[in-house]
Amino acid sequence: METRLGELVERFGGQLQGDPDIAIAAIAPLERAGPADISFLGHSRLRAKAARSRAAALILAPQDDAEVAASYAGARIVTANPYAYFARTAQFLLGASKPAPGIHPSAAVHPGARVDPSVHIGPQVTIEEGALIQAGAVIDAGCFVGREAVVGKDTHFFANVSFHARCTIGARGIVHSGAVIGGDGFGFAEDKGVYIKIPQIGRVVIGDDVDIGANTTVDRGALDDTVIEDGVKLDNQIQIGHNCHIGAHTAMAGCVGVAGSAIIGRHCTFGGAAMVNGHIEIADHVHITAGTLVANSIAEPGRYTGFYPIATNAEWERSAALVRNLGAMRLKIRALEKALKALESGSAAQPQAG
Amino acid sequence: METRLGELVERFGGQLQGDPDIAIAAIAPLERAGPADISFLGHSRLRAKAARSRAAALILAPQDDAEVAASYAGARIVTANPYAYFARTAQFLLGASKPAPGIHPSAAVHPGARVDPSVHIGPQVTIEEGALIQAGAVIDAGCFVGREAVVGKDTHFFANVSFHARCTIGARGIVHSGAVIGGDGFGFAEDKGVYIKIPQIGRVVIGDDVDIGANTTVDRGALDDTVIEDGVKLDNQIQIGHNCHIGAHTAMAGCVGVAGSAIIGRHCTFGGAAMVNGHIEIADHVHITAGTLVANSIAEPGRYTGFYPIATNAEWERSAALVRNLGAMRLKIRALEKALKALESGSAAQPQAG
Amino acid sequence: METRLGELVERFGGQLQGDPDIAIAAIAPLERAGPADISFLGHSRLRAKAARSRAAALILAPQDDAEVAASYAGARIVTANPYAYFARTAQFLLGASKPAPGIHPSAAVHPGARVDPSVHIGPQVTIEEGALIQAGAVIDAGCFVGREAVVGKDTHFFANVSFHARCTIGARGIVHSGAVIGGDGFGFAEDKGVYIKIPQIGRVVIGDDVDIGANTTVDRGALDDTVIEDGVKLDNQIQIGHNCHIGAHTAMAGCVGVAGSAIIGRHCTFGGAAMVNGHIEIADHVHITAGTLVANSIAEPGRYTGFYPIATNAEWERSAALVRNLGAMRLKIRALEKALKALESGSAAQPQAG
């Protein structure tokens, strides 16, 4: 859809420098934006590029405005958080693309499921008995929604999502293709070397405004529920074990794994492929670097890291061999300390003996 | 379904302290269990919680019985392995929930497939020519079973499993949503910088009582088969390369990766995100800690570990810089040893010279 | 299909030692090959096994020919790269197994999609409006192809692939089951602790001869495209973030993760579970070892490694504790150096003082 700069400022605030009637049809990056596009300046280091942009309008921060305005002739929206402003603008411009309500004739919707008339259900979908799909939800092709599962208002399942029995997700969620919500947790009792499955009868309970990435898996709880609070953002190929609890507005990058019964705080971030052991607790505002294994609970906010530094293979072979032999190195240091002390007493004694 | 304590003890053994006619309808955790529930005491540290439980009955170990019985008024089943007993009880109580036999009208079952009349096939399923689905199997919505594949008795595929041509799985298996069994192995011949695909014509051959997690992938063999023996338990998002052989009753936690042609023994365990290099051999009863890369064969049973210890980011930056410079540190120690030796000879010589 | 040795040599070159009319029906490994099979010798260390093979013919390198020929009585094709020759032979022998053209009646193909008459579309497939499926493509059961997506000539999607709107893949590609191409990139603006989604409107643009493994995910670009050049081979469960650029003929093993906006050169290789940080650049001909995190750009070709060496758990506990205390170790070495220097001056001074 098309909008005017005036409408954007009415909706999202910011200070407009320019004509409110300028029409905006699309978003574009600084270097590709043309006379119907709006773009944004995310970092001050891009000022020169912004100044040369042919965008109809730029969203930028107060500290960048003067320098950009000196050579850029288009309109500007000045705001404290240009990236967030751009995000809202982009959502607004692109928001009208929702598919029409209705159920595709190839979908298998159980007569005992409750589907709001405003819902879109694509081809090859399966909705089981007792499931509830609330107003404005979009269930794309090939998705599976199990018995008595609940999909909240305006939540969007992309193609081929599996959302299992009795699990629930709140409003405005996004679940990407191939995600599996509510598979059984990995729970077994060992008896003489053989594993006996513990039935997994808890649910996955997901709050509002949660995004779940492609091929991410969230297991149902064993007896209690797995819980994902409001505003959590999970990237692709993340694994969340049974009975985990992820606090609100925590974000995890791709390939993160969280073992069962981990309790993670609010406003945490996890870099790609970070791993969290089971049955540990992580406080609010903890930030884990990519590739780091969190083996124990973390009680203090802050940034934590633990990965082996990359090097040329030859250098790594040397350093890895030395890491294995750190014990020997320590013994040598102790021996040196002892020998030195002996020598010092000897030396110190000498003058008196002399 | 509902049962009586007497029936549980008849089926699973254990010593009953209490009335065999007490009715049990469900399992529940210690703190939530009520007068129709059975619960269990998994660790002695939970004795106090067990003593306060309002469960109709508790499953517990002999060493915990006296203390719990002192204040807990319900019935007790005393057994050496309460967790395994609980698992069997839970399976028994929940076991009757199998869907009715029959093929959903939206399923595409090739006329040349052989499907036992007791099998349940859900909506949107595809079964290709020559596939064999044995008695009591359940194939949920959206699954794909390829040509001449074999699904054993009472095996359950959750929604959206891909089980490719000629692969086989035995009895009582569980394959969770999004798992892909029998995709091509990653085999290429390089010729002047360009990769030429090696056709992958082996199968995946899976034993009885194997569980495979959501979005886990097991590749077919190149010429020979990939083999997963009886009782293996694979969690979610595990990758098993072509021509691997996983020994019976080995268990792997989420996100583990096993490269091609690795041979893994029986009764091994792998923590989350452990990685195994290709063409290596791991003995029986080897236990790999989470986040550990197994670069070479392991011949001795035991626990093996290798991950960089987590620290605050500032501490990690210091330690990682030192890890890179361990060579320099070793040189300094050597120089110290040499200098000290020189000094010792000097010092030792002095008194005689004095 | 069956062929003759003469036809293989005509097609793929090599020097034939033996009767060109010998019939070949299949490929097989050295030890299982029989009188209708062709096999190959990939490494000189397998010479003895090759010499005992009962294959009708062997493909082998000049340096192995004399020794093998001494005891092996079958025909030989001598070529500089036996593995590549074997790959081409295997493809040729197995190549005729393409399914018949046509659209399965259960598929939901939008009337506004353009599907070449030579295309095979399996059961339960969804093809959306404006999609273009070119000649000879095979779309297996349960796949989803979004609006205006393009699938190139002779490209094969295995069951349950999700290929999203406007993404394109070239000719002769293979996409394995569960792969998700064109899911949204993980882009959010943070505003007062809450994440605001950045709409992801770029595409995924994939070249010719690209293979994508099972459950691998490639995100669409934010504003620009994610690009995968010709001949790239991605194994299973790989995650490629938005706006990445993967150079031609680069290969990645299973479980690799590449964060957003990483630029990776041509002819690179990545071992399993290697991870690449976002916004970095990796030169051509860089080889990353399994389990290694690439935290910064790499400008020089070569092999790079960084993983913690595995050890028995007890040894690891000692070495990991010492890694954490490397700072203390360094201080001790400094103190030793200082004390030694003091001692040396003292010792040196003594004789003069004596």
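Observations on the structure shown:
By letter and in written order, the chains are A, B and C; residue numbering begins at 1 in each of them.
Methods note: a residue touches a chain if its C-beta (ideal position, glycine included) is under 8 Å from a C-beta of that chain, and two chains touch if they have at least 3 such contacts.
Since the structure is predicted, the reported quantities are computational estimates derived from the model, not experimental observations.
Seen as a C-alpha superposition, chain A sits on chain B after a turn of 120°, to the nearest 5.
For the pair chain B and chain C, the fraction of shared interface numbers is less than half, so the two copies use mostly different residues to meet.
In this assembly, the C-alpha centroid of chain B lies 26 Å from the C-alpha centroid of chain C. Residue positions of chain B with contacts to 2 or more other chains are 106, 124, 142, 160, 178, 215, 237, 255, 273, 307-309, 311, 323, 326, 329, 333, 336, 340, 343, 347, 350, 354.
Listing the residues of chain A that touch chain C in their complex gives 27-29, 32, 81, 83-84, 86-88, 90-91, 94, 104, 106, 122-124, 140-142, 158-160, 174, 176-178, 211, 213-215, 231, 233, 235-237, 249, 251, 253-255, 267, 272-273, 290-291, 307-313, 316-317, 320-321, 323-324, 326-327, 329-330, 333, 336-337, 340, 343-344, 347, 350-351, 354.
Residue ranges of chain B in contact with chain C, taken from their complex: 106, 108, 124-126, 128, 142, 144, 146, 160, 162, 164, 178, 180, 183-184, 186, 188-191, 193-199, 201, 215, 217, 219, 223-224, 237, 239, 241, 255, 257, 259, 273, 275, 277, 289, 292-296, 302-309, 311, 315, 318-319, 322-323, 326, 329, 332-333, 336, 339-340, 343, 346-347, 350, 354.
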